[in-house]
């Protein structure tokens, strides 16, 4: 077919790539779609995602263009300027490859900037994962993207209602379930001790016995990220059990959190006291990540994987602080404040409880296929119009 | 008082400056506020606004910083990149002057970019003129800003309802009436033939006799701006009466529209046929602009001044095409498609009708004072939370 | 041949394109060269060069990428930032197309920025037109490019000596003659009244009778460009003969000069007094420009075309002020200060003298072929080493 | 005095700050000078220079502005774009503080970009450390800056001759001796084991007994930086003696070198074999750095400190590879290729030889005072003119 629909997928973080891999694969194979991958931001930096470019090439996908545009600093200024530079460069990329649709994923700060640029170039914008509520700047970013987007693929019923309430046309809002959970549901591989301990630094962790997984990202709208991290460290230390600790995302606040972790590790490599059971990992492939979540006794921190993937996997979760505040979550999640004792107590309770039955709040079969089908066939438009939820006859609550 | 609240006002167009002058004046004089003016974008370019910097200095306001960041091209790429560069530079400015509140005005493309930067720096964002519905990219921009903003000053009841429907907390949404209309209501000066004909180029227009005012901006989401402008030209030519024609805004689509106007003018200066009664003006001071609207027999085009200021002034308006589509408007507005005959017919009907009684749909006394009072005293916050309109007990329709 | 040498040609102004067309053509046809055209800066803006993109496509050349990056303002800040943005974007372009050689032309401000970027990417840089001396910022730019470049194609013997004196390796410095003059020598087409008067605005000029051509660009290192332009205007007015006036380059100082010309023209279209014999032109195709230079009685201003092309064409030239200060020039040039009487006197003297015999100071046959041959075959290197002119056994003066 | 001369000092690396501290101090105290410090680039990133901002404030200096503009990647693209973004932002800074003189230090990639911006804004540029010859991209950068600069403060006679040979006016070229060496000569503090081992990570080094100091930066024009580093590692390992190892500069090539060092260190912390005597340090204050050089048995690598500071201190140096190729050096330097055996042999020979007598090739008393006196009083100019070295009566060789 001569006139394929050009679908541009800007990827800026390993997390988005991981959860979107089946979607990218299906877009790539679709006879009526010409997939355009654009890379920028954190995904291009070795230390966060060394193997992704190779994986992309192995998948037979062509990268249309890639831009180095992460400004160092790990603070808010660097974050804001990274977003601006990313959008400026993606504008050139869009101008050059002229997509029909730009797919915006999630709620990372640079994705709003990219959506803005796409909107100004009159592209049809498809947004995946709108309508959720959380804390952090992600909350603002996500809804602002919704108001720029033309097609909405949300992951749960609550999100659908919110997107429509915000004035989006219900004909273009689809609850497809979560791509993360689709990926999680599809992973069958298991993880060996040898494999997991080939990543990162620190002590070997025996994953055939109970261990914790800690993932605590900075909350960009808070100023005491370092202290919050140290609270978690003390709580984990107190629990005195093996733990796999993931380095935080490169968002504002990363600098101080990473320094805190580094200092911690330095101390720990000299004296191997209470903290001598931790391994620090930057990044593992998505299937091994899921296998890890499956095996872990309890996930601690503030990652959305705790809320979403673990709802399906049934892994107990202790969710700390405001980052996921308000997000729809299953019974497997216990929420705590930034309080050492409260965290330790919650983890102990979860360990006693053990695994939960799988929940389908974020799951629908064939999420990626549903999205691809819509992207391939839906009529495209660019001029948005506020759609009064009441007038549209939609019951929004 | 030692610790004044720092209120940053980024100004990027002469229109925003014109309508915000009383607000800026009151912020400047307020004992508890430290006003920080930041200039960027179109307002720094001589051809659009030569006298504003001087006016600002005469007003005793200090300009904290100013950035040249309009990228030439008059197309979508240039518009998008201008927004990105503006935001990148304003990030530096915000970092340097560290405001407590950033005031975002209206729905211009670069204001969303500035709002994004301010949000990423954890500033409290106050948005003026949210909640309206219109066409063009402005529609998307306006609502995306709403979802980044913490304080909302809207100009009419419909807008208030929409902002709250979108999940904003009603405690932070205020209908203050329109600043444009406040300015329009305050202007008492009149305009002379000598004065108006000192601006621009073309034929002298006798404003003591019936004349038209034409203001037609590009619609960034449409691709045939040039043709639409030429349609209006032919309609105006057919009407065979004097007209003051304002050059379009520097948005995407300007390039072709300006070229069209220039060609038109070149032809007309050689042969002075049917079009020999027009004057082309870039810009007049805001009080003279209001005086002009007051005297004009009919405003033709797609300017928001036709909808808002003219509602109060009672000047008949023919609003063409989709740019103001959906915006709350009074009886004084007749809407038409991009159709020569329809436009000419509508103008003739408005001329027959004559002036309308003043409407208060966009007017409340003391709009700027209300805003200043809130900015000076309201409790500031940065972490946004989606506020379910139903749960909040708000009837949104 | 599988492994063609990739030669990247960044074009940023119509002047460079005009003089480089034969070179581009030969690079395009060469069996061992893969030509990569990159466009940016002023050349993409309609008002300066509307027909170039079409011409490029007609020539069968592929444009690898094009970037809108001219920042409006017409002042030094805008000029500096345009250079920086250009270099930032061309870095992405170079990264994407990975050239072996980057060809830098002349001494425009953005070309130094592009050369810097290419140097940082370890590309071999070929510089055309180094070693001349002139005034304006061009003087600094040109020599700084020389110190970044690896291959030097200069246009005259003096320039060759200077480049070698600056420490460049004589094995990589070639006097090929001037591309401008090669183009001028090749043009055979003539110009009609109808044709030249189809460009620009103002009065028709009869080019079958004596007329002047005025080209006066801003001098970026001077602050009184507007006054200097007005001095020339008065001198031309005093001479009371038809004149073709070219709008200035988009460099710092353009804003005020263009405004000055515009005001002048407005006055003149109203009252057609002493200045009623001028035509204002932005741009003509290069062959018609040469034909115009051939026909003109005297070229007035500060364009390098007066020094270079006119040396071969024998057209009398009055060169004003410091822009071309120090540049090697033939007998056909009379230099003057920014002084109305002196300019008028000099023009009258040149009119009395009439045309000069052709000079070959800037001319060698086959300039473009010589350059292409070297680019195709010379051994490439990237690590520069200062080459002591004395040690190299080169007599530099 | 009302009209002080505004001298802007852009600082972008800790090395420049270290060597320029006395100069900055004297500029700050001078009654006729208004010192403007601008910070950008690597110096703002904690991991390279955590204490500098505090030191600056303790010194009572005001930072006019500071810009985060290092683009992550550690490769050539990131380096080039960092330079462009730095220059774009410093343009805004210069526009805002309007200096009379901009002081450019050395030959780092971003300093050329800053010099370019300053030149385009018609500032007088003073360059410190021009005229040397070395390898790497620094060689091109340094001479290109020379051709943009108006005042030249060089560190040795050879450099003076080269700058004049390149066409600079001898009246504006001054051999003041090296600021680095002035700082080195002034340092009297000594270093304790406790102090040096409070920095960095790895094994404690006893500096009261013979040890090596290794400083090996990437050479941006070479592609095998990692391999070169590993060669040095093996050579140092073979020598089997304590070593202080400094992390490389954040230039292109850093990424791979840092990774190499990190892997090395990881291996070494697990098994403490042959490499168990190393300490890895990012950064120490300049006076402690000098004290370290004074105590070290031999400096190994490619730092200019080996050539310059050590010439005065008499510390033996083994200089590896092309980075300092061609730089004037004293008897204390032995040069080697990237060859493990050759390096080890050279270090052993230097250890046998022991310390050298101080050399004054880079030393003149009062270097910083000479520079300040010139900056305060010399007549400023902006239009450069190529100064023929022969015509100027200067014997350049």
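Quick notes
Order of writing sets the labels: A, B, C and D. Residues in every chain begin at 1.
Assume a contact is a pair of C-beta atoms (placed from the backbone, for glycine too) under 8 Å apart; a residue touches a chain by one contact, two chains touch by 3 or more.
Bear in mind that the values here come from a model prediction, so they are computed numbers and not experimental data.
Identification of common neighbours of subunit A and subunit C yields B, D. Using the average of C-alpha coordinates as each chain's centre, B ends up farthest from subunit D.
As a whole-number value, the distance joining the C-alpha centres of subunit C and subunit D reads 38 Å. Computed centre separation for the pair subunit B/subunit D is 52 angstrom, with centres defined by C-alpha atoms. For subunit C, residues touching at least two other chains, in rising order: 77, 81, 85, 92. Residue ranges on subunit C touching subunit D, taken from their complex, read 76-77, 79-81, 83-85, 87-88, 91-92, 95, 109, 112-113, 116-117, 119-122, 133, 135-137, 139-141, 143-148, 162, 165-167, 220-222, 252, 322, 325-326, 382-386, 388-391, 396-397.
Against subunit D, in their complex, subunit B makes its touches with residues 65, 67, 89, 92, 96. Against subunit D, the residues of subunit A that register as touching in their complex are 44-46, 68-73, 75, 77-78, 81, 85, 201, 255, 259, 266, 269.
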